[in-house]
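In what follows, a single structure is set out as structure tokens and then discussed.
For reference, chains read A, B, C and D in written order, and residue numbers begin at 1 within each chain.
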Amino acid sequence: MIQLMIGRKLDLSRREQAAGSLGEVALQVEGLSCGDLYQDVSFEVREGEVLGFYGLVGAGRTEIAETLFGLRRPTAGTIRLGAEELNHIASPATAIAHGISLVPESRKEQGLVLGMNCRDNMTLPQVGDLTSGPFVSDGAEIAIFDQYRDTLQIKTPSWRQAVGNLSGGNQQKIVIGKWLAMRPRILIVDEPTRGIDVGSKAEIHNLIRKLAGQGYAVIVISSEMPEVLHVSDRIVAMYHGRVMRTFTADEVTEDSLVAAISGIDQGRAA
Amino acid sequence: MDKKMKALIAGSTAVMCLALAGGVSAKTIKIGITQNNVGVDSYQTTYEKAFIAAAKADPNVSTVVLDAGGDVARQIAQIQDLIQQHVDAIIVWPTNGKAVVPAVKKAHDAGIPVVITNSNIAKQGMPYIAAFSGPNNIKQGEEAADLMCKALNGKGQIVQISGKPGYTTAIQREKGFEVQLAKKCPGVKIMATQPGDWNREKSQRVMEDFLVKYPKIDGVYAADDNMGVGALNAALAAHRAKDIKFVGATNFAVGYEAMAKGEYYGSVYQSPVEDAKNALKTAVEVVEGKKVPKMNYFPTPPIDQQNMKNFSKPVF
Amino acid sequence: MAETHTTASLAPAATERPRGGQGENAMAETRLKQIGGLLARQGIFVAFALFMIGFAIFSDRFLSVENIMSVLRAAAIIGVMALGVTVVVIGGNLDLSVGSMLSFSTVMVVDLHDKIGPGAAIGVTLVATLGLGAVNGLLVGVAKLNSLIVTLGMLSAIQGLTLIYSGGKNVDIANQDTTWFKIFGRGYIADIPTPIVIFALAAVVLHVVMAYTPFGRRVYATGGNQTAAVFSGIRRNRVVFATYLISATCVAISAIILGSRVMGSQNNVGQGYELQALAAVILGGTSLLGGAGTIWKTVIGVLILGFIQNGLLLLGFEYYVQWLVTWAVIILAVWLDIAAKRGRLWSPIA
Amino acid sequence: MSDNPLKSAMQWLARNPIWSFILLIFIFFSIANPYFFAIQNFKNILVQTSTIGLIALGMTLVMINGNIDLSVGAVVALAASLCVDIQDWHIFAGWGDWAILPAVLAALAAGTLLGALNGLIVWKTGVDSFIVTLGAMLGVRGLVFVYTKEQSFFASNFAFSDFGSSNIGPLPTLAVLFILCTIVVHFLLSHTVHGRNIYAVGGNRAAAVNAGIRVGPHMLVNFMIVGFFAALAGITLSSQMGAATPNLGTNYELWVITSVVLGGTKLNGGAGDIIGTFGGVLAIGILRNGMNLMQVPAFYVLVILGAILIAVLFLDKQLNRKGKEELRL
């Protein structure tokens, strides 16, 4: 029945190629809680791995991402980044310093300054480093923009274009480019393809796989089952602020995934 | 304790003590005052201090000192509040001579005598007040016109910098000056009038524009010395001060000094201390049932470079 | 090249507004768009030039060097303040406390001049003014309270502080002719009045800071979209705090010019200046929503206001006519500005 | 069981910090000053707040819309001047007390028209209302001086000022008028389609357009309402004084906005109500009255008012916090 709902079969063939090439544990979360939002969340991500977070809206996935990015203060638990163990991450600036990047859920509200041009948006997190003397270096900025425009195939007449005038897909690519340009160790993408056209969707999916292939630790949060199944190596299923089960690529089935995120097999979660 | 309180601003807190003490002994006279806008210039502040000091010197008097902050509506509210407190007399420094009439009538109807201070109430309000105490602003305008006429030997072209538009003192001084000049000194022409808002910097800016517009200016009349000195500053900067006679009103310390230096021709001397004492005395006499004249003007003589030795330097 | 990247990034929030009515009057609209493209960048210049020409026709003294210098000198006081306000507004906030802060600082610098000497007076005043700016910055930046109300409250509170400090009295400098303090308001540097030099210098410095430094970029981003700025790792608290410190510094500089020019101060000397400064900022095309605007256009806004006042006075109009004209000018200039940016004259609001 | 009403009252106060604040200062002044707690004084407070209060009613609507009107102070002066001047015109000489009627109507019409002008400019040009009314604040004051030629007007007919100090039953007429208007506007905002649209337009303009609301005319109407109330406030104020001065209403816009925001209306629009505004107006009125009675020196009053304004905002922020796990923006 679920197969009918989704309308296509699972494609797990691609997974084998990724297996075995995993690197160090980039991020390990232990018993992380944040008030009523989520409780006792534990997981780890390795370099070269895509970890999917699947669940219904309100399951606490975005809030976990925001906590890892220093936007929320957890009430319990630890966050281990490489060798370093932290109780919390103080601010997005600290998160960035630790090599974490977050492509947020809402690109218009959280991802972009719509009135600002493409280049300035893309270099915003690192503008403090792109300087010659006290001034922003035009050349360094344009170089970064050109690089990611080509890599991500962003369609814009010029970097001077205000991002508000771009299509949804290109806007999203600017946000992704902005965070790739930070060369993070851990890239978190929250609903990376919401509200963008099919072509761009596929491009972004391929990109995520490619990034993992290059050794990034990637966390993908999505409410679309095909997406999460397509890009992830492992999937964390959440329900009501709790991790119900973590699936590996081999064991995941649509039935079990749906069961996990709707709280049906609560017994197994404990 | 008392010393520390004095150190506090304007000693108003001390007055509160007095007011409390007043509650204890029943025989004291309780007088409420609502001032126009303390702090807008030194005159009003000095007035307030002198008033408080004078009240303190008289053991039979306790006071309630309020400030309308230049807002007519707030002044009316304050008069209502004073009626509410059943004071023995209310002294009003009108923010506007016409607008306070009904409130004054209300106090009058409640049996509380009202003394107007500094600038007078409109004639419609005269039946409801016990007395007026203060300078004669129209007369001051006239005195300034006479000074100007003397300074220019009856011939020349001048500019006028008036007070803040819409305020009684500004209007009366302007009127007194213009009428008297036209009558007594037809040879002196007013080329232009602009408001300086009782603000020295604004007046300086206005004068700078006048200096550009008129290649020849023989005299400047400013509705107070604060603005007069602003105009003088502008003329000094343009190196034209020597050709211009400056006449002001309400002699300020800066005006007095400029006069001593010979840069400023003259002004009208008006002491806020005198003003305050006069108001309190009038109010006390009214409460005590003495006969007082309705119009209690205190003298405001003209002051110029010749006779300034006879006056002490203003404290504000 | 120099200013392109900021101006280009200042695209209007037009994308957020519903678009409609395209097709009809297409021809007229394209033409308007072409003119608009030019005006969007230079509209305020055009308006300014028209004014100057208009006044020059009717008053032969208007364009004299003497008059221009005199207007600029007087406008420098509000001008420097307006520069600081521009930074705050670009950062997405308002500062209505600058007027009473100016009164405070002027009273303080003039009062302390005779007590502790000009140098120390300037130092103490600067510190005290920055302190007030820091209070604004803490309340708006760190406590995240609404800037309009905070600075409105500060307007009242600082007014009271000034009166408490001075006891309500005017303050004056005794030896006006001998103190070196006179250079700021009355002096000349290479035949140009010092206030103009200071204003120009402040404008250049702030323009460079806003257009070419990472800090400037962060201010634009914070004003443009506060949430996105935080999500980009910008420490919003510090940025907003800093904008208020800049604003306070500008006020302190204005106060020094004002105190030196007048050689005295009243407690209400800056009353109403906050709105004049804000009007200049708005005339310069800085959006009250934040994230857009430029320093040098604020300079034009200041000049327009200064020359209107001067021009109407030279033409012999009553003061209240100046108010009526300013009413029309503010609305027309801002309308012209946004009409050019959105490419159509009338608003798309249904 | 018995503490339930108390508990819910406490919760209500926590959600509406302005009323807790009013309670606090009310108790404070009652204890601290012997003249405060008196029926006559409460009447005074109501009359004194009615001016700012009437304007605040209209301002609440405009501000929930996401707009603002800074020109109300100048409109107060214009309406007051018109009202007091016109009743003394020669053509109405034979009308007796009825001469007041055309004067009042003219003043109300002027206020409503200026409101319409502001609204029309905001609607048609798309210029932000802050700018439009900032200009109007200056321009309308200019109109006042053009009309009055700097003169104050005095109502020679005492019937006009008697109205201002008259009573209906035990209550002052102006207080009754204010309370009536409060009820009417409250009803308008909470029980009519127009009221619902006010929130819709302020909350999300694009969505309001999609829902078929004609946003432009809608905002125009609200600007007319605030203009009307500013004019009405000008009339009641001038009838309290029996006179009008051209500087009347200076800075009123600041106090009106302050009261409205204290009452919980959001500056960005979309939220707020009349009960809250009434509380905000009352809070400032009580503070001013109490400080007058206690003779707080004028200089300190300014500091205290400023500090309280910020403190209430701070309190509101603290009370509306969602908790520690809130997003730290």
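Going forward, a residue touches a chain if its C-beta (ideal position, glycine included) is under 8 Å from a C-beta of that chain, and two chains touch if they have at least 3 such contacts.
No experiment lies behind these values; they were computed from the predicted model shown.
Chemist: Chain by chain, through touching neighbours only, how many steps does the shortest route from subunit C to subunit D take?
Modeler: 1
Chemist: Starting from the Cα centroid of subunit A, hunt down the chain whose centroid lies farthest away.
Modeler: Of all the other chains, the one whose centre lies farthest from subunit A is B.
Chemist: Decide which interface, A-D or B-D, involves more C-beta pairs in contact, and give its chain pair.
Modeler: B-D
Chemist: Centre of all protein Cα atoms: which chain's centre is nearest to it?
Modeler: C
Chemist: Hey, how far is the Cα centre of subunit B from the one of subunit D, in Å?
Modeler: The computed centroid separation for subunit B versus subunit D comes out at 33 Å.
Chemist: Could you state the distance in Å from the CA-based centre of subunit A to that of subunit B?
Modeler: From the centre of subunit A to the centre of subunit B is 72 Å.
Chemist: Provide the C-alpha centroid distance between subunit A and subunit D, rounded to the nearest whole angstrom.
Modeler: Spacing between the chain centres: roughly 50 Å.
Chemist: Quick check: how many Å separate the C-alpha centres of subunit B and subunit C?
Modeler: Inter-chain centre distance comes to 35 Å.
Chemist: By residue number and range, which residues of subunit A touch two or more other chains?
Modeler: Residues 71, 91 of subunit A touch two or more partner chains.
Chemist: Enumerate the residues of subunit D that touch no fewer than two other chains.
Modeler: In subunit D, the residues touching two or more other chains are 145, 298-300, 329.
Chemist: Tell me, which residues of subunit B touch at least two other chains?
Modeler: In subunit B, residues 9-10, 38-39, 165 touch at least two other chains, as defined above.
Chemist: Where do chains touch, given as pairs?
Modeler: A-C, A-D, B-C, B-D, C-D
Chemist: Which part of subunit B faces subunit C closely enough to touch in the complex?
Modeler: Contacts found on subunit B: 9-10, 38-42, 44-46, 48, 165, 192, 194-195, 198-201, 204-206, 208-213, 226, 229-230, 233, 237-238, 252-254, 316.
Chemist: Using the touch definition from the top, list the residues of subunit A that touch subunit C in their complex.
Modeler: Per the touch definition, subunit A meets subunit C at residues 69, 71, 91-93, 95-96, 102, 104, 109-117, 119-120, 124-125, 127-128, 130-131, 134-136, 138, 160, 162, 164-165, 178.
Chemist: Applying the document's contact rule, which stretches of subunit C touch subunit D when the two form their complex?
Modeler: Those residues of subunit C that touch subunit D are 17-18, 139, 143-146, 148-150, 152-161, 163-164, 168, 226-227, 230, 236, 275, 278-279, 282, 287-289, 318-324, 326-331, 334-335, 338-339, 342, 346-350.
Chemist: Which residues of subunit D touch subunit A in the complex?
Modeler: 323-329
Chemist: Which of the residues in subunit C come into contact with subunit B in the complex?
Modeler: Touching subunit B: residues 59, 61, 64, 66-67, 70-71, 73-74, 77, 163-164, 166-170, 172, 186, 258, 261-269, 309-310, 313-314, 316, 319-320 of subunit C.
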